[in-house]
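Both complexes below contain subunit A, partnered by subunit B and then by subunit C.
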Partner chain A sequence: MSTRLAKGGRLLDRSKPLNFTFNGTPLRGFLGDTLASALLGSGKTLLGRSFKYHRPRGLVASGVEEPNVLVNLGRNARLEPDQRATTTELFEGAEAASQNHWPSLEFDIGEINDKISKLFPAGFYYKTFMAPKWAWKHLFEPVIRQAAGLGAAPKEADPDRYEQTYAFCDVLVAGGGVAGLAAALAEAKAGKRVMVMEQTAFWGGRAPVDGGTIDGLAPDEWVRNAIEALEKMENVQLFTRTMVSGLYNHGYVIGYQRVADHTPGDGRPRHRLWRIRAGLVITATGALERPLAFAGNDVPGVMLASAVRDYLVNWAVSPGDRVVIVTNNDDAYRTALAVLDAGLSVPVVIDARDSVTGALPMAVKARGVRVLEGRGVAKVLGRKAVTGVEICAQAGEGGVIETVACDCVAMSGGWSPVVHLFSHVGGKLIWDEAGAMFRPDATRPPIKADGTALARAVGAANGALTLDALCAEAGLAAQVEPEAPLAPVWVMPAGAKEALKFKAFLDYQNDVKVSDVQLAAREGYTSVEHTKRYTTLGMASDQGKLSNINGLAILSDALGQAIPQTGTTTFRPPYTPISFGAVAAEAKGEIFQPLRRTPMHGWHEAKGAHWEPVGLWRRPYCYPRSGESHRDAVNREITNTRTNVGLLDASTLGKIVVKGPDAGRFLDMLYTGMMSTLPVGKCRYGIMCNENGFLMDDGVVVRLSEDSWLCHTTSGGAEHIHAWMEDWLQCEWWDWKVYTANLTEQYAQVAVVGPKARAVLEKLGGMDVSKEALPFMSLAEGTLGGFPARVFRISFSGELSYEIAVPANMGLAFWEALNAAGAEFGAMPYGTEALHVMRAEKGFIMIGDETDGTVIPQDLNLGWAISKKKDDYLGKRAQARVEMARPDRWRLVGLETIDGTVLPDGVYAVAEGHNANGQRNTQGRVTSTYWSPTLKKGIAMGLVVNGPERMGEVLDFPGDGGGVHKVKIVDPCFYDKEGEKANV
Partner chain B sequence: MSEAMSALKGETHTGFATVAEAGLTGMVTIRADLADPALAAALAPLGLTVPALRQVTAAGGRSLGWMSPDELLLVCGYDEAPGLAATLATALAESHALVVNVSDMRARFTVSGAKAREVMMKLCPLDFATLPVMEMRRTRAAQVAVALWRSGADEISLVCFRSVATYVMGLLEVSSRRGGEIF
Partner chain C sequence: MLTFTCPYCGVAAEESELTGGGEAHLKRFGPGSSDAEFEAYLFTRKNPKGVHFERWRHAYGCGKWFLAARDTNTLEVFGSYPAQTTEPPADLIAAIKNKRPGWEGWK
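And now, the complex of A and B:
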């Protein structure tokens, strides 16, 4: 039984009690507690159920490596699953609940899995759910998904705020223990810009618990002095509760700051993700203690030796009255001393080494504790709590020599340096035989572009596990008890029988046992990466912090090879899980993505526009009136435009000005047509192809002056075409004298379209917009209704049409003035769908409908827009290729169903015969299809083999459900082919 | 002349720093050979000199920022911009240059206060601690392009395209909320 001790607890503030609940039971802890220490201090040792076998589990560790005690924290919108109790700071009102059991933690139906655990060996899923094939998707996977997973996902939106921050420094120190602080002091004194990030809320790391002196000071005191010194330095920034999560190429580092996890709802951002560019990363990330693999090493009450003394010293929590120590090294004897110092008892120390003579063991012996040499744990007794241990010879198979009663087992299998950051971008490790550990190879660090080191490991993270070793490395003087070498122990006892190995856990979180890794080796898994995935060793949210070295040592043994030959699995960021909230940061709700708004956006919104996304713009698709369907709204807008006058917000159209002595020559290369001969003040339709000859963009080009042109692009194409122009000017034709500027957003542009368009502009007044003064395809500049305006006589609808550009800041006022002036003429706004239908009625192509990146202008009968007089233009050479010049390419035609209905979009016309895949051959496809309210029938455009030569032919277009649409090939221009309406 | 309206009509929020849309601002893009003596001569009547790499020069309430090796941005009064653009274009008529009034295509913001840079640190991958006053950067704020310069000891000026002004104000507002101070 665990309990809170009456005194002590270096991190506790006993004057500040905190209330919290666990599975609904009210409990109490103190400021400075973690959820784990508070639970243990409240006598709670059974804290969860394991993932696969639903075995009772308790705390194993005291930090980031804890595999078992993950809880559901909070409720409703603030519910968060899988929160690690050892890294969750206690706060007032915390609500925690254990996971992975039903109906309760104490009585869990799933425990049946443990009884029949022999049925669930490594690779169980792969072996079992093979057949029948359909069953995986429909039966096995749904059932397994239901059974798997630990915590419950929240069902409400996260109410908290998250953010990211960019930072730059010369040196980033990861870890605020003695080694990290010593390195930070040295770098800061050398004038470097230093950031220090410590994942916990406290500075100092392990040293204050483990003891010794640094430069004659107790570790706590030395740490306090170091922090004081660093805080005074302008060039140093210190962060607690901030984990260095990952190291990436070129010194890019992700830090994860838990700003307000311990003060939920206080209005601060909950987490902050740091995106840092560091010149050098010093990894001072310490080391993690390894468990020992003996039967029952997962029974609640079996803990890491270091965790036992952490709970005692840091939080004044006794994990048990009778603590048996089992170890292969001297360091664990510190735990025996801590237990004794707390007034508790150590019935026995079980040491796997044959001879134990170190200073620490001697000190323990001197206090009357029995130390057994060459012994191991055969088995832990108890199920929901430790009741005792059976002791055996470490060299044997597990024959019980004696049984000792206890309620806690503190185990230590040695230490593994935390090499994660060093390894994230390719730092190499070496196997240290003496320490039985992988440590960073300083001669092969991760490197920067210039070949210099990106990271340097110091302290325990560098394999300097003892205070004297890490102080020597940092140039400090330390005094601490010397430690005798450890003896590597990967399985306890060495010859453990199957039954024991079956309950000797390596990966607590994924329930992977010694027997599973050995089975994988027998089944032919020789690569550690494959074994990891087959057994799931190290694949849980703790990423194998406790289990990986033990697992690969056992694999090496089973394969009969040395540990370095087996190697490690790949270390990948993040070091511990980070929140999705921090990754998403500000990008949610209204600012999830930039939404581009025209100056008239708010007006459209107020009028209830139905939106169409066009790139990041929103354009009104139509303006439905009360009770009106979108379809009806579109038809009304078209009919009104064709009979009265319609207004279109065309501000999104790309507008790029091109100026210079070589501008005409430049545009002649970009467009297929001739733009250099365009007279000043005139407009010409132009099309652009890429180097492969495919149609890329189109729009009206206007000559503004002798040496400047204005190029209109599609709404989605403005940025791309501007970049395309600059690419050619900067990289290929760098000696051509041409400047461009993307003026798309400088102007609000409105299309005033319909037979009464001129009347509306005349009502506004200020410019002569008559046919004589402003003929079709020309430009006039002036003041219209008080607005400085450029008026283009261009038409995409076939009607009399003006497109008017005014400064964007006057766009809304101009739009409102047009609506007011147009009221008496029946003016109505129209949206993009009406625009689409009207252009289709005229047989005008639309980039993205008639083109899809495989269509050349010739396919669309746009030969007239390709100048025959030019030597070259972008795409010309490609269009001369055999495939492009083939006579039987699919080409643009109009399509009309025999019965007048609307063809489905995207359907294909079938031809005789079948292809190699047994599919019907095809001879054409629909590219645009609409109901034409003007013609009162369905109209479509499509690409058909030899289409223009086959006018009047009827093709079969199979639709959904077995029906076939009979479709006649017609001229694509359905409306006013002579163009009289636009030219009035 | 009709009344012009800036994208956000001067919207302002005050958290741990003040973020404000700066209202109507005149802007003129100048593309030219920055070493062309004609450019220096054209700017001289305004008291402005051609800024060096990434610098911003200022005179008479106007500023001139370095945007690229062949582009400058003149920031001036909204009403004077068309006239200034025309004057400069005339002065550069004999050179290869493009001068164009772009006052309407951007929105300008100011972020001010002792902790102004902490707002911007959350949005732009820039080292604000070492950004000198009157130095310009073209970068991004979250997902959109921006140009910014430190227009004072405790003030950062920023321009973005007009269409994303609402988005940028959303970024600035949330990033300047109280409780979000970094240091």
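And now, the complex of A and C:
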């Protein structure tokens, strides 16, 4: 049974007690506690259930590597699942609940999985995918979904605040232990801009717990001095509670700062994500202790030796009264000493090595503790708590020599440097035979853009696992007990039979055992990456911090090859999970992305416009009146425009000016038509293709003067078409004298459309807008109603139509003036849906509806817009490919249902026969479909195999609900084919 | 996230300020070219594990296109230069050869 000791605890402030609850039970801890130490100090050792077998689990570790004790923290909107108890600082009022059990932690029905665990070997999940087919859907998936999974996700939006910030530094030190602080001091003294990030709330790392002296000082004192010195330097920034979560290309680093997790509700952002560009990253990330693989090594009470002494020294928590030590190295004897110093008992130390003579073991023996050499653990006794261990010969098969009663087992399989950051972007590792560990290879570090080293590992992260080794590396003098070499032990005992290996856990969080890895090897998984995925070893939220090295050692053994030959799996960021809140930060809700507003945006909003997103713009879809449906509003707007006059905010249209002596020649290359011959003051419809020959954009081109053209693009297309122009000008025809400028936002543009359009403009006055002065497809510049204006006679609706551009800052006033002047003529604003319907009634194509990146202009009967006189234009060569001249290409036609109803969008016309997948062959599809209030029937456009040659033919379009639409192929122009209405 | 130095404005630009444009020094084939030439121009791209010449635009900076030589494996950037050229600068070629003695050249 664990308990809080009466004295001690270097991180505790006993004057500040904190109340919290676990599964509803009120408990108490102190400031400085983690949730884990507070739970353990309150006598709680059974703290969770395992993922697959629902085995009882308790704390194994004291830091980020903890695999078992993940809790639901908080409630309602602030509920957060899977929070690691060992990295959660205790705060007043914390509410924690254990996960993955039903009905309760103590009595869990799911435990049946453990009794029948032989049915769930490695790859069980994948094996369920195999025959019979029905079993996955009806049996395995529902059962697995119910049984698996950890915490519950919150159902409400996160009410907390998160933020991101950017920083630059010469040196970023990851880790605030002795090695990190020594490196930071050296770099700072050399004048570098240094940032130091420590993931916990305290400086100093392991040294203060493990002991020794640095430059004659106790570690705590040396650390205090180092921090004082660093705090005084202006070129140093120090961060606690900040984990360097990942290294990325060219020195990009993410730091994850838990600003206010420990002080909830104090108004500060909860987390802050640091996005840093560092010149050098010093990884001082320490090392993690490895568990030993013996039967029952997951029973609550079996812990890492280092964790046992952390709980004793840092938090004055005793994990048990009788602590058995199991080890293959000298370091674990420090735990024996810490247990004895706390007045508790060490019944026996079980050492797998045949001969134990080091200074630390001798010190333990001198205090009367029995040390067994060449021994191992055959089995841990107990289920919800340790009651004892059965001891065997390490070299044997597990025959029990003696049984020792205990309530805690402290195990140590040696240490693995934390090489994650060094490895994230390609730093290479070497296998250190003596230390039985992978450590960074300084000759093959990750590199920066200039090819120089991006990262350097120091201290334990570099394999300097002892205080004297890391101090020697840093140029400090250390005194500490020397350690004898460890003996690599991957399974205990060495000859363990199946029954023992079946309960010897490697990956606690995913319930992967020694027997699973060996099974994977037998089933042919020889690559460590494949074995990982097949067994799920290292795939849980702890990413195998405890299990990876043990697992690949066992795989290597099963494959009969050396460990470096097997290699490691890939280390990927983040080092430990970071919150979605920090990743999203302020990029949510209204400011998830920028919103582009036209100068008239506010007016539309005030009139209750229903919005349609167009790229980052919002355009009015329609302006519904009180009690009016959107469809009714659209029909009203169309009818009014066709009978009176409509006003459209067309400001979002792209407006790119192309100017220079070679501008005409350039536009002749960009457009399929001839733009160089366009007379000044005239307009011409143009289409652009990419080099594949496919349509990419269209719009009206206007010649403003001898050397300048104004190119209108689609609303969403201005930026990429401008970039497209610049690409060709800068990279292909860089000797051509042409400038381009994207003036889209410099002008507001209004389309005045309908039979009474001219009357409205004449009422405004100031310019001659008659047919004679301003014929169809021409431009006039002047002053209209007092506004400097460019007036284009162009039409996308088939009506008499003027598009008028005024400076953007006058856009709203001009729009209001037009509405006022138009009132007596019945002018109404109309939205994008009316625009779409009217263009479809005229058979005009829309980029993105009739085109999808595989359509050439010829498919859309736009041959007339392709100049036959030009030698070249972008896309011309591609359009000469055999494929583009095939007689059975899908080409544009109008479509009309026999019964006059509206076709569903995107439906296909079927043809005779079936394809290789047993689906009906197709011969066409719908690209645009609307109700036409003008024609009082459904109209559509579509692409049909050789469509224009098949006028009058009736095709079958199966609909969504099983019915078939009978559809006649017609001319795509449904309205005023002669164009008389526009040309008045 | 990569960084490239823009040869026009001298800024060490973050990848998020740039847009990539694929392989550099393509020769355009237009009307009159053979099917094989046109196919090679349109579709056939180098995909080396090693030195690659590529196009980048400082889209959220000065707006200029530039070219860069980068190792696709180690991500080392050997240098960047203006796009208005048909071949890489000689000093850049020499620098790459110095660092990658076995390199077969840019063509």
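Keep in mind that, in the parts below, the second predicted complex is superposed on the first by the 886 of 984 C-alpha atoms of A that agree within 3 Å, B and C clash if a C-alpha of one lies under 4 Å from a C-alpha of the other, contacts with A are read in each partner's own complex, and residues count from 1 in each chain.
Heads up, the rule we're going with is that a contact is a pair of C-beta atoms (placed from the backbone, for glycine too) under 8 Å apart; a residue touches a chain by one contact, two chains touch by 3 or more.
Keep in mind it's a predicted model, so treat the numbers as computed, not measured.
> State whether A:980 touches subunit B only (first), subunit C only (second), both chains, or neither.
Neither subunit B nor subunit C is touched by A:980.
> Report for A:877: first if it touches subunit B alone, second if subunit C alone, otherwise both or neither.
Second partner only.
> Comparing subunit C with subunit B, which touches more residues belonging to subunit A?
On the superposition, B touches more of the residues of subunit A.
> Just checking: does A:731 make contact with subunit B only, subunit C only, both, or neither of them? Give me first, second, both or neither.
A:731 sits against subunit C, while subunit B stays out of touch.
> Kindly classify A:249 by the partners it touches after superposition: subunit B alone (first), subunit C alone (second), both, or neither?
After superposing on A, A:249 lies in contact with subunit C but is clear of subunit B.
> Show me the subunit A residues, by the header's touch rule, that subunit B contacts in one structure and subunit C contacts in the other.
Dual-contact residues (subunit A): 277.
> Looking at the complex, which residues from subunit B come into contact with subunit A?
Per the stated touch rule, the residues are 1-7, 24, 29, 31-32, 70, 78, 82, 96-98, 100-106, 121-127, 129-130, 142-144, 161-167, 170-171, 174-175, 177-180, 182-183.
> Okay, in this complex, where on subunit A does subunit B touch?
These residues of subunit A touch subunit B: 161, 163-168, 237, 266-269, 272, 275, 277, 585-587, 590-591, 593-599, 616-617, 657, 659-661, 708, 737, 739-741, 743-747, 785-788, 807-810, 812-814, 817.
> Can you list the subunit A residues touching subunit C in their complex?
Listed in rising order, the residues are 248-252, 277, 425-426, 447, 449-451, 691-692, 723, 726-727, 730-732, 734, 871-872, 876-878, 880-881.
> Using the touch definition up top, name the residues of subunit C that touch subunit A in the complex.
Going by the criterion above, the answer is residues 1-4, 14-15, 19, 21, 28-33, 35, 38, 42, 55, 57, 59, 63-65, 74-77, 83-84, 99.
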